[in-house]
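In what follows, a single structure is set out as structure tokens and then discussed.
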Amino acid sequence: MAEPIIRFDNIRKSFGTLTVLDGLSFDVMPGEKLALIGPSGSGKTTILRILMTLENISGGHIEVCGEQLYHMQKAGREVPADEAHLHKMRRHIGMVFQHFNLFPHKCVLDNITLAPILTKGEPRAEAEKRGMDLLDMVGLADKARAMPSQLSGGQKQRVAIARALALQPRIMLFDEVTSALDPELVEEVLAVMKRLANETDMTMLLVTHEMGFAHEFADRVLFFDRGHIIEQGPPDRIFTNPSHERTQTFLRKIIAAGHRV
Amino acid sequence: DTLDDLKEQGFARIAIANEPPFTAVAADGSVSGAAPDVAREVFKRLGVPEVVASISEYGAMIPGLQARRHDAITAGLFMKPERCAAVAYSEPVLCDAEAFLLPAGNPKGFASYEDIAADPEATIGAPGGGTEEKLALEAGVPRDRVIVVPDGQSGLKMLQDGRLDVYSLPVLSISDLIAKSGDDSVEMFAPVVGAPVYCDGAAFRKGDEALRDAFDVELAAMKESGEFAAIIEPYGFSAAAAMSTSRAELCGE
Amino acid sequence: MSWDWAFVWQIMPTLLQGLKITLLVTVLGAIVAAVLGLVFAVLRRSSIKPLAQGTSVLVQFIRGTPLLVQLYVIFYVLPDIGIRLPALVAGVIGIGLHYATYAAEVYRGGIEAVPRGQWEAARATNLTMRQTWAHVVLPQAVPPMIPALANYLIAMFKETPLLSAITVLELMNQAKSVANSSYRYVEPMTMVGVFFLVISLISVALISLLEARYGRKASR
Amino acid sequence: MGDWSGYIGLILQGALVTAQLTVMGTALALVMAFTAGLARLAPFAPLRWLARAYVEFFRGTSIFVQLFWVYFVLPFAGVSLSPLQAGVLALGLNVGAYGAEVVRGAVLSVPRDQFEACIAVNLSRFQRMRHVILPQALPLMLPTFGNNAIELLKGTAVVSLISLSDMTFQAQVVRAQTGSTLIPFATILVLYFAMSLLIGAGMRWLERRVTRGLDGVRT
Amino acid sequence: MAEPIIRFDNIRKSFGTLTVLDGLSFDVMPGEKLALIGPSGSGKTTILRILMTLENISGGHIEVCGEQLYHMQKAGREVPADEAHLHKMRRHIGMVFQHFNLFPHKCVLDNITLAPILTKGEPRAEAEKRGMDLLDMVGLADKARAMPSQLSGGQKQRVAIARALALQPRIMLFDEVTSALDPELVEEVLAVMKRLANETDMTMLLVTHEMGFAHEFADRVLFFDRGHIIEQGPPDRIFTNPSHERTQTFLRKIIAAGHRV
């Protein structure tokens, strides 16, 4: 069997006195599509942010693509990773945020090409060609020169996906990417992500409240509560026949609130 | 009229400068000095028991008088024909010649305002709106070399710091500055060649001539009795000088 | 005392001479303030604690005491320790230093106004710290600062009369000197007021143009 | 010359005048700020124009010119104020003009939602202002008011130029009488700084008081 | 048959050059529960805001409780309503907003009693008694002294409902009252509204994207597009068998986006 591409080993994470993750361990295999679900505050976002190195960890080890993420070897000893190491590791990972976080002062195409040009030294012409291909893929080739403020939420999010893809990461993180969107605009974003899931072998971690989509999208579902994996398994089982009571309650509530599964 | 008003309120408001020995402010804040002491005594004789002194920049004195902020200026504001046109002066009170404050040894040999005008590098400090500023400008020192200095202490400091070549004030003011500084790197040159001896008087608002005339009467009586000399001579002023001239002469009337 | 137009015309050249100095001081002071302000802002973010705190106290001290007294100190006290600045230079440094503390505040606010999400997006696209500042943060932080900085420029302009206290012959000092030699005060002082009002009204109008321009850009 | 304690006393007297000017000037500035700030939002146009003119005039001209006018020119119109009154008036009107913009800005920055909620529960214009908008706007104003009060404190130094014996003025007197430059200026710098710290601390205390219970609403 | 309690007569509404409503007419009967649905931007919110007098109209007449809303008689002539007239008319109408709009500086109970005390001069004790009853009804009696910032979104919205009810309006307007809520919190708000709909004879206008709830709640559904009523009728017919093609498309999209009907 192949090696895991992501390995959480006994991860602890506190904010001040609040401990959010306490000894969390799990692996993700290359190409796997993972859905992280669970009640508000259970730590789903924190997990993605830790992977993206937006938060530091308080304890434990994370391995990404066979290398330590937060640690490195120096003179034979393990020391905390420095900025250069983190920079190197971030190449593997891309993230799409709930609130898009597009660069408002740059047009759509520049949003996409900025990082390839700056971080990989791609020639502008080449970066723009690839950028246009990506825009094509997300159905926004005609908006290349638009400013983010001129786009709808759904369009913004599709640009954000293209921006993350432009760096060709091996792992993509999606944090409630549709929950800031008007209901009618959700579908266009989900469609792009579905294509992505089917057509590439990228590893994907998805945090969502759209159970229906999680069902279609994921190979494996992890149900979190208070920082712990309460249960996990293929979506068919988790959604139709959850073994744990807390999972059942959660799903019932979500359904009652009008989200289909 | 104004005098009756003053009698009624029991005090007169006088403007004074922050310039020893014309004025002195003691550590407890009480005001003395030659000019206020004379004014206090004259007003007392006029039936106004108190004077309330406020320290003012020279430049602000005449507008303050016109704006009825003061009833009189007793500040070493020397009589000159233009000023006589702006205010109503009493007979002379304090007389003094002009002096230069210079680096010790007077290296550039300045003896008159014209000497300063002739040296293209030289800068002279003087109080804004004061007599010395006028004399320097009239002698042909260009505007940008006449530095307006807010007060004597600043002038001394600027001279010590080499920002000025000459600082000009009346003789007594300069000697007071030197005495206080205890600094022998500066010295006084006096009297300035070609500069007249000036006398100040108490200055009243135009229109208050009646008050001025009453003031003159008492002032003359004090000069007569020797009380006048008794007040001003301890400060270094000469009573004889004041008595040897007159407003008519100084104002060019 | 009545208003005399002929007198106004007569003193106009002198006043304009003073206005020139006033504007010069304003511009030079603004440059000092802009640069020193950036230094203050950066030092306050420094990871060296004593440096950051020391700067913070210094900034607070300068902001908490009157410019007039600071000018006195720079002009009359500094020579005691061998620093003898010409009046104009002392004035520019004094006013520039004073307003640098305000500029530092604007810089800080502008930088903090860039949403956290922008820093995070920069990190998620693997930009370096320097690239993040140059391509993401500053381009968004600077335009909204411009109106605030311009406002301080005007405030500075209006404080230049203080420099008369250290013998700089700016507009107010020229007006005083004209008044002192003519015994007419209303005209010169009123004209100084008019100069200030006209120039600052024009500047305020320009600023609201700036605000409209950069405000819109910033709200994207 | 050696009588330092006496001269320090003189400076402390000046400090009292400075404090007086600051307190009274701030009080006037507050009144003007609310009057003009709310007038700028009034539904009655001439009132808005009047407030606007006041604000532009006092922000547009320099405090020096205003002080000179109040002190030397107003008397020709028959209004003669003591130096203290003149100082309070000029400083209060000047800082009040800046404060008016603060009041206006704070009121406008209360979310539109809150105005709409007031209409939906049928509050009158006055009730809206009094019970909903101002209580929420006040915490937004306080930090800037604190800064304004410190600006006003610093502005009091300028009144030394109209012969009001405030702290700066007394320092000048002491300097002329003793010949020392450093000591009087250093003393007043420390005193000014102490006063501004005091104002800052007072404002923070006030802020804590009025924001109590609003935690989580204001960021 | 009874008189309508609300009557829109040829209402026009423009924002600058954009005309949002153009000759809109419809009636609402006393006690009727109306659901307004339709795509984003179709003018649903605008209609509620006009009724609440938060927007002015550009043309036409509105009658509420038998009186003109935006017009009044003066010396026998019809003139635009003044503030006093609007104030009088607003007594009939209450509104609940998408973002709750609670007064953040007042505790829960004060939020509810403020208006009765100020606008109706109710004695405080009495207003508070009624306020407590209302809090009881929305299930928040224990939160009377809490500040809004200490409540969850669902609790805030229930307080907002109680606040609107405190003035005992004859007409209640609800504008997407659950769309700013976390999915898990939606149900508690809907439950309160369902009770309200069943137990009172208030007239209610509901704008929502929760089709399932609209179905249960409404006597009549109005489907809007671009400011026009495309079709209307009982929810059973509209949701299961819409006659108009645009309604069908809309419902299909909404369902695809994960909202149940």
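The first chain written gets the first letter, and so on, giving A, B, C, D and E; residue counts start at 1 in each chain.
Everything that follows uses one rule, which is that contacts are C-beta pairs under 8 Å (C-beta built on N, C-alpha and C of every residue); 3 or more make two chains touch, one makes a residue touch a chain.
For reference, the UniProt names are A, E = Ectoine/hydroxyectoine ABC transporter ATP-binding protein EhuA; C = Ectoine/hydroxyectoine ABC transporter permease subunit EhuD; D = Ectoine/hydroxyectoine ABC transporter permease subunit EhuC.
Just so we're clear, the structure is a prediction, and the values are computed from it rather than from any experiment.
Enquirer: Looking at the contacts, which chains touch subunit C and subunit D alike?
Expert: B
Enquirer: Strictly by the touch rule at the top, which chains does subunit A share as contacts with subunit D?
Expert: C, E
Enquirer: Compared with subunit C, which chain's mean CA position is the farthest off?
Expert: With centres defined by C-alpha atoms, farthest from subunit C sits E.
Enquirer: Which chain lies the greatest distance away from subunit A when centres are computed from Cα atoms alone?
Expert: B
Enquirer: Please work out the Cα centroid separation of subunit A and subunit E, and write it as a whole number of Å.
Expert: One centre to the other, that is 38 Å.
Enquirer: Round to the nearest whole Å and give the separation of the Cα centres of subunit D and subunit E.
Expert: Here the centre of subunit E sits 46 Å away from the centre of subunit D.
Enquirer: Please compute the C-alpha centroid of subunit B, do the same for subunit D, then give the distance between them in whole Å.
Expert: Here subunit B and subunit D have centroids separated by 38 Å.
Enquirer: For subunit C and subunit E, let me know how many angstrom lie between their CA-based centres, rounded off.
Expert: Chain centroid spacing, subunit C to subunit E, equals 52 Å.
Enquirer: If a residue has to touch 2 or more other chains to count, which residues of subunit B qualify?
Expert: As it turns out, subunit B has residues touching two or more other chains at 63, 66, 150, 157.
Enquirer: Hunt down the residues of subunit D that sit against at least two other chains at once, touch-wise.
Expert: Expected reply: 72-73, 76, 161, 181.
Enquirer: So, with touch as defined above, which chain pairs make the list?
Expert: Touching chain pairs, listed by label, come out as A-C, A-E, B-C, B-D, C-D, D-E.
Enquirer: Using the touch definition from the top, list the residues of subunit A that touch subunit E in their complex.
Expert: Spelled out, the residues of subunit A in touch with subunit E are 39-40, 182-184, 186-187, 209-213, 250, 253-260.
Enquirer: Residue numbers of subunit B touching subunit C in their complex, please.
Expert: It comes out as residues 58-59, 62-63, 66, 82-83, 85-86, 128-129, 133-134, 137, 143-144, 147-150, 154, 157-158, 160-163.
Enquirer: In the complex, go through subunit E and note every residue touching subunit D.
Expert: Against subunit D, the touching part of subunit E is residues 52-54, 83, 87, 90-91, 93-95, 97, 99, 101-105, 107, 114-115, 118-119, 147-150, 163-164, 166-167.
Enquirer: Could you pull out which subunit C residues touch subunit B in their complex?
Expert: Of all residues in subunit C, those touching subunit B are 1, 76, 79, 84, 86-87, 164-165, 167, 169, 173, 176-177, 179-181, 183, 185.
Enquirer: Where on subunit D is subunit B touching in the complex?
Expert: 1, 3, 5-7, 9-10, 13, 71-73, 75-76, 80, 83, 161-163, 165, 169, 172-173, 175-179, 181
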